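As structure tokens, the structure follows; a few thoughts come after it.
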């Protein structure tokens, strides 16, 4: 730590990281190849590849990889957008007006501690096993973080800015629109990222419990078929899609909040 | 603190809160009692409470409600405990030794993206309906915040404090145990709070899918019986226990901050 | 007690695309039990010098040795007192002071003895169970100094230890430090901005120039200090003496040249 670095740290870091990934991959090959880990428990790289190929070309559990992925992504985006469109205004209003907050609090505080996944059985009772139930659950999952972060963002606006605006004669509406909302955007985007993560988790869970299509359904069928390679493929796909959608969000944030570092 | 709007008097706020509660529950009750929605779909608040109460007296889905809650808590404790016991030291060590950080980070970041629930099929394959399955899923959910917060906490510990310990003759184990751990404690406890929340959620999720006892199981049975009252009673139980856990950890967080004068 | 020897020390830091030479070819010897103060404008490398003696930084070329052995790591033979106190906020006063002793493996009884001794010395009896945030700045720094003294180091390295204190507390602490070091003399390397402080406390004052850091001048104070018995007088008396003001003015002029850039 104190010594003057001879090799730039970033290069070191990359090498070590690659080395450990390589070690892990090697262990994967060896353990599954030698039979130390039975193929009923964990897929070998070859099996993984075969399963991936199967679902990509011929399809599995009712559709190709593209179809399943598209189905899931569509639901996530839909639920996410609805949640965000309802949650952010609510959160902002609650942060902005203590009166409004007092009014909404009882309902919100009752609903808030209930984990989104706990809504799945109720959603199924109300809406069946179709897409509507999934969207409802995703909405709940993404709604709460959006509200909370919008609320925190609005609540934590430095009163100095509000005072400066009012001193210049700004009406309440203008203060809300030009000070509170832009000022809350960083916190809102943090909430958006959490909401997106929650959306994906909830969707997978909801589809696992019961669905007609989707990556969660693939997971479910693969489990029943005792097909760990396919389970792995579905998991990896979910992870990749999650990362991709998060990246999209990050780019949007960069555009919307240019003043943040 | 931030009076974004003209401050309302506390009396007014209390009134509005009561009004909000009345509107919410009243509306709910009215809607359930009316003929607009069938009782099968929307039970009244009272019906929900009654269903919950009944389950504490008469067994449902194999056991009394209390026993189900206990079963869930046991799994929670195991998964959460494991995550904390492994995650926190790992985070601290990663914060202290760059090499370990560089080696573990890529794997960690990659695995982190996989939703904990996605581990359920594997967990079920490996552990059947035994306790290992849900515990593994809980672990997957609870582990990242423990590590990340311990890691960040260790980094936030003022370098000066580590240097002071070094100049006083402390060696690495002592530095981690007596400087990094206490210094990172506020961050660690905050991470534990987040982790507990995720653990509880993951638990319920796992119980919805693969289990034979616990609150999640109760809800799934309620769903099979098309009994929304039971499902909602289950939801309330889940929310209440989760809330209790959160409140306890919040208290722990506050105690740490107060005792050490808002460290870091 | 040990000496500190800087032998042709250079320290280069990477900065931006290139490098920044903090210190260039400094050779300095701090004799056993000598109190040497280093003054200089910001960026002259004085803190870097101290950190190299402490083993928290290493020279790019040249060597730093304490007691004849090269410095390779921080250790309890070279105690450091930091400007920001660096007390462990989660440990009581007692545990802070006893920390170094604990690392050495001292028994509980030995720790308690040392704690009691130094708290008495500092006039802070009864604060054993307080936490740092409950104490004033001056008291916190006393605890930090006690913590360093408790391990009986051969060398004491002090990095602007009174910089974070208000003016009055600072003056009181300077007097106390004199008292302490006459009671328990050891090799001291003392970094400071303040010319007054340097002249009042030190046997020798080293003035560093910056860009790159090197020795500009070394002033011998010890002779005058002993002749006029400074340590027996009150601080305000000493600072009134013509010998004192003469040295102070001289040093200040040197510093001013550098700050104005007419070096």
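Read from first to last, the chains carry the letters A, B and C; within each, the first residue is number 1.
The criterion applied here is as follows: contacts are C-beta pairs under 8 Å (C-beta built on N, C-alpha and C of every residue); 3 or more make two chains touch, one makes a residue touch a chain.
Because the structure is a prediction, the values reported are computed rather than measured.
Distance from per-chain Cα centroids to the pooled protein Cα centroid is smallest for B. Summarising the inter-chain layout, the chain whose CA centre lies farthest from the centre of chain C is A.
Chain centres here are Cα means. That of chain A falls 17 Å from that of chain B.
For the pair chain A and chain C, the distance between C-alpha centroids works out to 53 Å. Centres computed as Cα averages put chain B at a distance of 49 Å from chain C.
Residue positions 55-56 of chain C are each in touch with at least two other chains. By the touch criterion stated above, chain B contacts chain C in their complex at residues 158, 160-161, 163-171, 174, 178-179, 182-183, 185, 259-263.
On chain B, the positions that touch chain A within their shared complex are 2-5, 7-8, 12-14, 16-17, 19-21, 23-25, 41, 98-99, 102-107, 110, 113-122, 124-126, 200-201, 204-205, 208-209, 216, 219-220, 222-223, 226, 228, 231-232, 234-236, 238-240, 242-243, 246.
Only residues 54-56, 73-76, 78-80, 82, 84, 86-91, 99-100, 103-104, 131-134, 147-148, 151, 157 of chain C touch chain B when the two sit together in their complex. In the complex of the two chains, the chain A residues touching chain B come out as 1, 9, 12-13, 16-21, 24, 40-41, 95-99, 102-107, 110, 112-122, 124-126, 154-159, 162, 172, 180, 197, 200-201, 204-205, 208-209, 219-220, 222-223, 226, 228, 231, 234-236, 238-239, 242-243.
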